[in-house]
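We call the chains A, B, C and D, going by the order they appear; numbering starts again at 1 in every chain.
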Amino acid sequence: MAAARRKTNTEDYLRMYSQMVRIRTFEDNANQLYLSAKMPGLTHMYSGEEAVAVGICEALTDDDKITSTHRGHGHCVAKGADFRQMFCELLGKAEGYCRGKGGSMHIADQSHGNLGANAIVGGSMGIATGAALSAKRLGRNDVAVCFFGDGATAQGLMYEVMNMAALWKLPVIYACENNGYSEYTATAEIAAGSILKRAEAFGIEAHQVDGQDVLAVNDLAQKLVARARNGEGPFFIELLTYRYHGHHVGDINRDYYRTKEEETIWKEKRDPIVNFGAWLAKEGIASEEELKTIRDDIRADAEAAVAYALDAPYPPGSEVTMHVFADNDAA
Amino acid sequence: MAAARRKTNTEDYLRMYSQMVRIRTFEDNANQLYLSAKMPGLTHMYSGEEAVAVGICEALTDDDKITSTHRGHGHCVAKGADFRQMFCELLGKAEGYCRGKGGSMHIADQSHGNLGANAIVGGSMGIATGAALSAKRLGRNDVAVCFFGDGATAQGLMYEVMNMAALWKLPVIYACENNGYSEYTATAEIAAGSILKRAEAFGIEAHQVDGQDVLAVNDLAQKLVARARNGEGPFFIELLTYRYHGHHVGDINRDYYRTKEEETIWKEKRDPIVNFGAWLAKEGIASEEELKTIRDDIRADAEAAVAYALDAPYPPGSEVTMHVFADNDAA
Amino acid sequence: MREITLSKAVNEAIAEEMRRDPAIFLLGEDVAEAGTPFKVLSGLVEEFGPERVIDTPISEPGFMGMAVGAAMTGSRPIVDLMFGDFIFLIMDQLCNQAAKTHYMSGGKLKVPLVLRTNLGATRRSAAQHSQSLHALVAHIPGLKVALPSSAYEAKGLMKTAIRDNNPVVIFEDKLMYNDKAPVPEEEYLIPFGEAAVLREGRDVTIVATSSMVQVSLKAAEMLAADGISAEVIDPRTIVPLDEETILESVRKTSRAIVVDEGHQSFGVTAEIASRISEKAFYHLDAPVIRMGAMDVPVPFSPALEDLTVPTPDGVAEAARRIVRGETRDAA
Amino acid sequence: MREITLSKAVNEAIAEEMRRDPAIFLLGEDVAEAGTPFKVLSGLVEEFGPERVIDTPISEPGFMGMAVGAAMTGSRPIVDLMFGDFIFLIMDQLCNQAAKTHYMSGGKLKVPLVLRTNLGATRRSAAQHSQSLHALVAHIPGLKVALPSSAYEAKGLMKTAIRDNNPVVIFEDKLMYNDKAPVPEEEYLIPFGEAAVLREGRDVTIVATSSMVQVSLKAAEMLAADGISAEVIDPRTIVPLDEETILESVRKTSRAIVVDEGHQSFGVTAEIASRISEKAFYHLDAPVIRMGAMDVPVPFSPALEDLTVPTPDGVAEAARRIVRGETRDAA
């Protein structure tokens, strides 16, 4: 994506801005659907963490793979997904990316290399590492990025696959989105020692980066993706970020585990979209007006997609037994 | 054990010597039982690694707990078990520690705090850590030692429990017996980075020690056990050692994964019993003759125990359905 | 009698037992301040403190293993597993360790622990948060399995589970947490292995577990309007299983339907139906009807999900057919 | 026809398929130079190199997860799990990930992988190395389950499994690796879902899986001497299950015995017996007899272990009783 389209930095910058806005807008609409009882089940908002997904995914091509998490809308949008199919999936409609079978927590977009969100915390660490093994074995040069949260570092699976990735020099990048919390618990209470050092102990080069700064993230990602493609992987990145909403849309009263002040500081001082927009304006790359047009267009897009999805049909009942098993090739 | 009986160093030294000889002698007899087709199933010999189990267990009391592995006879003997009940267990006899139900890979000795061998590699890491949590919660001051091999460091469970042990400051010591191989594969091929650093990354103090030197092991163990008892745990020890036999008694042709020369060097230059015996003689703590008497007595003991076990009855068939569930206390 | 929610009933059971026995403690993700996502454990940390209501990292195998070790050494842990689907993560510690330790040690070691978790679909939570996996656990000797179907049962079974000297797995129905039922103020326990006849009837026996009990009672209500008298039996524990109560009923009604929310194939319905067929064969007018969940992963879309689980209509229809003799033709 | 061992048959199947399709690779512990502890894979690394016959660390969840990711991205991995008992360690990756991905993605992603492992007791390997856990896997929609009972079947089913576009779990019988049987030189595949009638008979149908096939054939031999004609059917795959062949036989013989080495309760015998009872109820002279392994952890002692598994004598005796009409009394 990024690589193919890059002509000037301006284009890249505006695209990153747009992609971040698209994520935020998608989430605002999803939250609204929940609040108005139009969405089945719960969902986890990515708002606040946009620079992470966008900074990394803009360094990837469509052939590169990602695995995502329960908080997966951001990764999905950043990897190139379309609003309509995403909203249809969130509403369980037949035109959704997974024909309504996956929903928010299992949204996947095969066409852009998104191997899917996962409702098992840490559950996709093996999958991402396996995708990297597959690429290497089949002689392709794609890279796999494994997104996961700080909470997921408590899953033993991570250490198992980092060991193998390091032993076999696999083109995989572990992207730890450290947003300070796993559910209702602060990271310090569930993670001893140092997350970066854990990766380093397996001989994996590890970096920490400000996850609210899309350019810093993208810069690092570009370098590591290129090196991973070149056989220098695996790598580990810890991205310091913050989730604006509760753990899920229903987590409204959060005082018992984090303060309003803390939320306010992140939202007002460290917002990745606002800050990047201000920088774009300051550098004369885009005027405040141009940025507003981008935001308005995206808002209109999202609203149209929501309306479309609300009207779209559910899959017919007969599909319930479809896709349990894939068909086999005729002999 | 050690603590209660310690009067002079001489006594400790001779006891360590005896315990190492007891392990070696036990294993030689077990191997013989296998070779003469008198033992059901396979078994894994601890020979060569005696200084590890003895050096550590001599720093423990009967109230302290250990968990052991598939290669567990050494830990069992070192923690105070009796030959007869051990051989009976290996032969599946009713008088065995587990009434014949466990066998070599599940031998446990509740009375001396041995929570049992485990046939799942890494399977006891949670158990040992839980024993430490239990001790802390119930206000007891016993320490738990978790024995495991270099191969077991590839199990994710280890990182999960080390994280919790570190967060909660549990009195547990992780004792990694690095004998250079997991089954037929050299450690370097299955462990990336550094094993010690992996523990350190969780904020756990980690030490490496020569596992063929019983005094070095015991010295370190004494200190760490005392500190763990004092609330300064957890700790991690990597013990460099070597297994003399194959992975199990049936692994006879080993050329394809390790050289005869390597085996010879360890056996001839680094034997923990021979070297410690020579040191005891040199320091005038025991004469070569006294040491020989110790060895002969132990050999006679072992042979008597084997003979006893061979003649001992199997459990009656009715026991097959016993012990699936523990009885409940009368209401 | 006062009515309380299932949630409150579980909370009371645990609180009462924790007051009685200091060896009991709770272990799980967000069990303390958050009181679990379902708020079932709210207030316990305030009463018993963080030493006995312990928030863990997202390390299910790790803390399950620790519970086994703690249970072996004098503690009586209650493990909180947030979703029944995560049981796949802890199968080794549950089935290879907890279930077998008492047996493998020839009765020397005990593992008195409770694993509380849940089951049930139709919450729009998709394939990894909607499974009913109790059949898997029931297949493993050494584990007891309780399936409460009301606040009353939830409290009484939980108290019995906590006092049991064996590993017990309790599956609560997620959809039932806010359902109220009469629960005495006075202490009571519900013994394991005693089914409850929740409704008496002459024409057909409906054996229903957990979430399917309410479904079957509703079906029985509908059937009564048609002049069909259905007996509804809730086994309450499937290990141990109260065959006698079920058989007695079937000998009376000559017809049986078994309803359970686990997948139908290789599940609970097969075992119960088989026992009925084996021991009441000549009393049966027609083959036992099994109604489990469809053999498909649980789909997200409401349009599909609702098709996968037995409903009151479906059960009533099956009962009508068996009473009318229509199910004979198929067999 | 030439006779080869089951071990050799599996080896040939994998080698032939690996020659045909470069997307296939093998992953597991000591699969390369060591060729697995059972030596089943000897020679493969020499032919296909360490890039396609990959020795892993002892990280079952890790490499199982990697296989899922590799399968989703164009590879066709074969995972070698050294003992069937270790399946507990990989249940999450197998059952939450591999089994559900195709369905959750609405058919977009495929997971063509083979998990080869084993089952079977009476090797004096005790409770953690002797289990037959295929019922657990069969309960999870999205997984196919093959149970070869001879070298011939092992080869044909393995080749079919490798070409299947879904996750397939093959359980081999550990005791059968050295058993020889006629295996054609020419290529052949055994389709899934087609039972084999291994012996025709009139009086009783014995449905037997895996290790219990030889046991049942021996029983049939003994019965023939008594003038009882037993039909022996081997389903070969239990998912999919060839009901028709079984039902046809039972409609002819009017009596059925189901023999399987998994624990009896909540196991395979219940499902097959239930299907027979449901669909051939009015043809049955007596209730279907189920013979599974005892509901106890597998004990080490030979005196106990041999009691836990069905034997030719036991099966023959059951057949005599059902044919004589003696089993009616109980029901």
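What we mean here is this: a residue touches a chain if its C-beta (ideal position, glycine included) is under 8 Å from a C-beta of that chain, and two chains touch if they have at least 3 such contacts.
Remember, it's a predicted structure, so these values are computed and weren't measured experimentally.
By number of C-beta pairs in contact, B-C leads over the other of B-D and B-C. Averaging Cα atoms per chain gives one point for each, and the point farthest from that of chain C is the centre of B. Work out the mean CA point of chain B and of chain D, and you get 36 Å between them.
Between chain A and chain D, the centres computed from C-alpha atoms are 41 Å apart. Rounded to whole angstrom, the centroid-to-centroid distance between chain A and chain B, based on C-alpha atoms, equals 46 Å.
Within chain C, residues 56-57, 59, 61-62, 85-86, 89, 92, 96, 103-104, 126-128, 141-142, 294-297, 299-300 each touch two or more of the remaining chains. Annotation for chain A: residues 98-102, 106, 118, 120, 123, 154-157, 160, 163-164, 167, 189-191, 324 touch two or more other chains. Residue ranges of chain A in contact with chain C, taken from their complex: 40-42, 92-93, 98-106, 118-123, 151-152, 154-156, 182-185, 189-191, 256-257, 314-317, 319-321, 324. Those residues of chain C whose C-beta lies close enough to touch chain A in the complex are 29-30, 33-34, 37, 55-59, 61-62, 85-86, 89, 123-129, 294-297, 299-304, 307-308. Interface residues of chain D facing chain C in the complex, by the touch rule stated above, are 85-86, 88-89, 91-92, 94-96, 99-100, 103-104, 126-128, 135-136, 138-142, 238-239, 262-263, 265-271, 273-274, 277-284, 286-290, 294-297, 299-300, 328, 330-331.
By the touch criterion stated above, chain A contacts chain B in their complex at residues 154-160, 162-164, 166-167, 189-194, 197-198, 200-204. Chain C contributes residues 22-23, 25, 51-52, 54, 56-57, 59, 61-75, 77, 92-93, 96-97, 101-110, 112, 141-142, 144, 163-166, 189 to its touches with chain B in the complex.
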